[in-house]
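The following pair of complexes shares a single chain, subunit A, combined with subunit B in the former and subunit C in the latter.
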Partner chain A sequence: MTAMSDNSIAPVRRWTGFGLLGKGLFIAYLALMLAWLLFPIILVLLASFQGKLEVTLSASDFGFEAYKSIPPAYWEAFWFTIRTALSATLLALLVAVPAAWGMVRGKLKGHRLLSNLVLIPDVVPQLILGIALLTVFIPLHLANSFAGVLLALTALSLSTGLRFTEALLTGLPDEYEQAANTLGANRLTTFRLITLPLIAPGLAIAALFIFMQNLVTFELLYFIAGPNASPVSVRLFSDIVDRGVLPYAVAMAGILIYVAIAFYTIVAIVLGPKYMAGSVMSRKG
Partner chain B sequence: MTDLNPTEQGPGLRTLPPPVEAFADDEGRIIMQRRIRREKIFYRLCTLPAILVTFLVAIVPLGLLIFNSFRNQRTGVLSFEYYIATLGNAFFLRTLTSTIMMAFGVTVIAIFLALPLAYTLARRTLLRNFIMPVITIPRMLPFVVIGYAMILLLAPMTGVANKVLLGLGILSQPAFILFDWPGQAIAFSYSGIVIATAVLTGVLMSVDPQLEDASVSLGATRLRTFFVVTIPLAMPGIIAASALIFTSIVTSYAIPVMLNGRVPYMISLLVSANLLTLQQPHLAYAQAVIVSLLAIGVTAAAQYVLLRYGQGGRKQ
Partner chain C sequence: MLHRKESHSQAVHINRIRKTFGAFQAVQNFTLDIEAGEFVTFLGPSGCGKSTTLKILAGLLPQDSGEIRFGDRRIDMLPPNKRNIGLVFQNYALFPHMTVAENVAFGLRMRGWASKDKKARVDQLLALVRLEGLANRRPEQLSGGQQQRVAVARALAFEPDLVLLDEPLSNLDAKLREQVRLDLRDIQRSARQTTVFVTHDQVEALVMSDRIVLMNAGKVEQVGTPVELYATPATEFGARFVGANNLLKAKLAAGGAAVSATVDGLAQPIPLTTVSRQIGGTDIWCCIRPEHIRIGHVDSSSSKFEARVVDKVYQGTTVLIDFEIPGIERLRAERPASEAERISTGDTVQIGFERTHAVARQPAD
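For the complex of A and B:
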């Protein structure tokens, strides 16, 4: 707003040739950056509808053959990913919410230590954690199993859950809980009736973020996945390495793009798009 | 208020008004202390599952990995042999150097390319709301999907870029850049630009535009203001974003495998080859420890710089 009123007061700007050139260059830069950021989504979607590896712009090739030919193994991997991501999100919140509550309300001495401890799976490169987990999981028969993937994802999402819940509880004055306590409710009742409903909206957002993070995790799971437990990202990866780009794999990638778009739409509607700008949801290649 | 609060700690209790009868004082305090202790134990119990999960799924495996990296694979003798072998291996060192150079170069390029875009997005709300999904959605895709897009764009025969350039007569023969380091650099710089734009937009939004207006009103041009006022204020964010991009490239696995050339260019390939195909897990562990020390070291250095830099400034 201030910038606009400034302009209205300021003397009319003279358009010099140099200024116009700079403006033009800047707009060209913006357009190029936009194209660069958009091209993977557009290319994958186009290729998924054309069912070929050569992307063309002729409208006659469009069809759903690639989507129809997605083999059952891919759908299995897709639902496996959804199942593990969902269970890991719930498990992580089940573990993180009491921990955050104890830390914030109990004013424990080891508060900082615990926050940093939980951060370790997030800070250590996923590649290394994956290798380490593989070593431990093989003798325990957890490698190549639902439980192993679930555990790995839970440990990874714990830090996000804890940070979210901690922030929520710190922002919540504890007078409400004290009032409930004074009126005779025990801890559990207080938590169930007072605290949980108050932080539930925030928890839902946290769950959404953790779920999405679990959905795209690749490097951690690559080492502990196997034929019995293959998330969709691992399945896509091993197929591209072994057999090259396949039309139905591109279609599956397209489906993942739809999931991401749906997720973005939900968050944008609920929180407003501004929320996404600062969020440091790490994306590890 | 505080009288009723059983979670108040010891020093707070001393301020309680002294009860009328002396013996009740003692007894009351003992009961109170016992209750406080029970409360504390209850709170600690609440944090126990989190500690347990982290220990079982992260600390113990990582500890075993570090321990095994010191242990001979056959005899079980503890020594530094794998580290010495790794650091004395010219091939490993060359790959490590190329990895670091790749990560550094891509980080610098990504930050430079993303900074003006991020600044524009931070100052123009309408444009930001319009472009935000473009930045956010790639971050919510598995990196494999970006790899598919790279192949569709740059593949030597079928890729869009090659076909367009050949059709325009700019290239006389298809460019075979995908399955070598240039292709990997392009793929990494894609993810780098996405991360940099998203993080820097958030950081630049927190830089007060009034400071820039003050600088302009004192006679500086917009461009000079950007370099003298905005960039120093956004420096913590730039450092954080750089560290994030650098570490993510150093430890990346998907892109180096998908776009692999004849000679491994990234360090993660060596680690996984030793682990999975060459049956030298303990050597792989030592190399993994070296790589993660590099990654964690860069993150820690960035944190240290931020701490020193951000003494007065605010950081979210």
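For the complex of A and C:
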């Protein structure tokens, strides 16, 4: 109360010593957390312009040599990864959306059991899935092929996709669909004109997460990949194990970061910031 | 239907609808005939089965048994999109990704109207609900009252056989609600649209309806005009639920030609005019509406009492006054504020009511 002067009318919030100290500590805490999260990414980006992991800060060390020296086999692996990751994302959502709709809206018996079952691939170590898929894929001649990698990624994506779409549909009140129904729309039309547009923003975020996950999946693909089907994560791993950290490997890691940032930015621009921060999954009416 | 003489609306026949949820009987033998163009309200407390009946009419919930016809057309086995009904939801359920015009046109679009006719019809409806100029807004840009009117326009647009309103006023503030319920009634009348309105608010029901279906615990208690329901409630539930009422526990006593009620604890009997033939036995409730209790000079044919003022509640135009009479703990009167000014808590005054205003009702079991 001593801080109040006689002629003050409105109560004014004043910083006390403890208040300022608290605020300072909180800012430091946030800065440390961000540094911890972003440090590896920044290190890789800096290293990619210097061609080595021992980063210096002298300007003369910066250059594009590492990027220029990326061999064609790496680019092949990169495009292979982009193709499989995108296809698996689309395929998974194509399967997941109708399945989730049936589970949530169809009031399917055993729906809870089912939605827990589909979570299992997500929580079982990918290593185990990889070995299991390999034993199936070898007799089917799917190991070391585009189709094999695509199927493996789709299995993983489907689990995430179902979880997302199930949450999206549960969060969407029945009334919109019921209203469309009473106005004369059949189930399919209702789904096309009402349900799908209303969950579209959430689906875009789901696609973003699934695509990112596919981009960097390693353990699962390690078993299925081969010379004919080599995703960039597997290629990087085997090269680094065999030959150490090569400049172009660091550059390729940098490119993966750009792809992730670009994809995130596109989704953020399309949806607007209110859907991104805090991941609000369903559109509010 | 707005500028035509003939209404598109149909008579609705509901025959012995039943619905149970496990052991709970939500609706028991609901039977009702609604005339074309009539405004019928399902009134009752929550859990009385009114919303379940509405959902069954809409096709959103299957009934266990029973039959529904629109005119000659049996519709109870059809899915909602084949019934041709307009439903206004409690929270309106306007499509957030469509404009006002697209929302109103949705039913027309589903019926394959040409875009020129569609536009004309949407304009006509928006004029009816006084929302011209807002056609290109999104629902989130509208106030609650405007959203409600869009929902009504959307439900009326395609000339439905029946319009269902599911407590559409409950999300509006008190002032707006009064305005909107009159608007809604006017729209319904000018469109001559068969309408079923569901509410728990007895004032809304009295103001808006041609007929009221009073429901309790899955059963129909009484069907009648607002005046019938208010003046001659058929049951104890009706007497308690519709309007305020004083219920005095009494026994019927026939003395010669006149019938009277002997109220427990009260020396003097209360004369009654008519007693419904439905009453069997002598146990009754003697019901007197608060607005029928007078203070001061009371004519000779009335029941008169010396009463002490226990409490006064000011309500603006009227004042609620609670009286204590020897033998009766509490009798509530509602008087104009100007009249109530003259008395204060603790006073002893003479009160009374005319014999026609004392009504006997059979107690519920």
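By our rule, the second predicted complex is superposed on the first by the 215 of 285 C-alpha atoms of A that agree within 3 Å, B and C clash if a C-alpha of one lies under 4 Å from a C-alpha of the other, contacts with A are read in each partner's own complex, and residues count from 1 in each chain.
Definition applied: a residue touches a chain if its C-beta (ideal position, glycine included) is under 8 Å from a C-beta of that chain, and two chains touch if they have at least 3 such contacts.
All of these numbers come straight from a predicted model, not from anything done at the bench.
When the two complexes are overlaid on their common chain A, residue A:Y176 makes contact with subunit C while staying clear of subunit B.
Contact with subunit C, but none with subunit B, is seen for A:A185 once the two complexes are overlaid on the shared chain. When the two complexes are superposed, the chain touching more residues of subunit A, out of subunit B and subunit C, is B.
By the touch criterion defined above, A:V95 lies against subunit B but remains apart from subunit C after alignment on the C-alpha atoms of chain A. Contacts of A:A229 after superposition: neither subunit B nor subunit C is touched. Within the superposed three-chain model, A:A206 lies out of touch with both subunit B and subunit C [touch as defined at top]. Of the two partner chains placed by the overlay, only subunit C lies in contact with A:P197; subunit B stays clear of it. 178, 182, 283-285 are the residues of subunit A that lie in the contact sets of both subunit B and subunit C, per the superposition on chain A.
By the touch rule above, subunit A contacts subunit C in their complex via residues 173, 175-176, 178-186, 189, 194, 197-198, 283-285.
Within the complex formed with subunit A, the subunit C residues making contact are 58-60, 79-81, 83-87, 89, 91, 93-97, 106-107, 110-111, 139-140, 154, 158. Residues 2-3, 6, 26, 29-30, 33-34, 36-41, 43-44, 47, 53-55, 94-96, 98-99, 101-103, 105-108, 114, 117-118, 120-121, 123-129, 131-136, 151-152, 154-155, 158, 162, 178, 182, 187, 212, 215-216, 218-219, 222, 232-233, 236-237, 240-241, 245, 249-250, 253, 256-257, 260-261, 263-264, 268, 273-274, 276-285 of subunit A are the ones that touch subunit B when the two sit in their complex.
Within the complex formed with subunit A, the residues of subunit B that make contact are 4-5, 7, 9, 39-40, 42-47, 49-51, 53-54, 56-62, 64-65, 68, 113-114, 116-117, 120-123, 128-129, 131-153, 155, 158, 160, 163, 187-188, 190-191, 193-195, 197-199, 201-203, 205-206, 209-210, 213, 240, 244, 247-255, 257-258, 268, 271-272, 275, 281, 284-285, 288-289, 291-292, 295-296, 299, 316.
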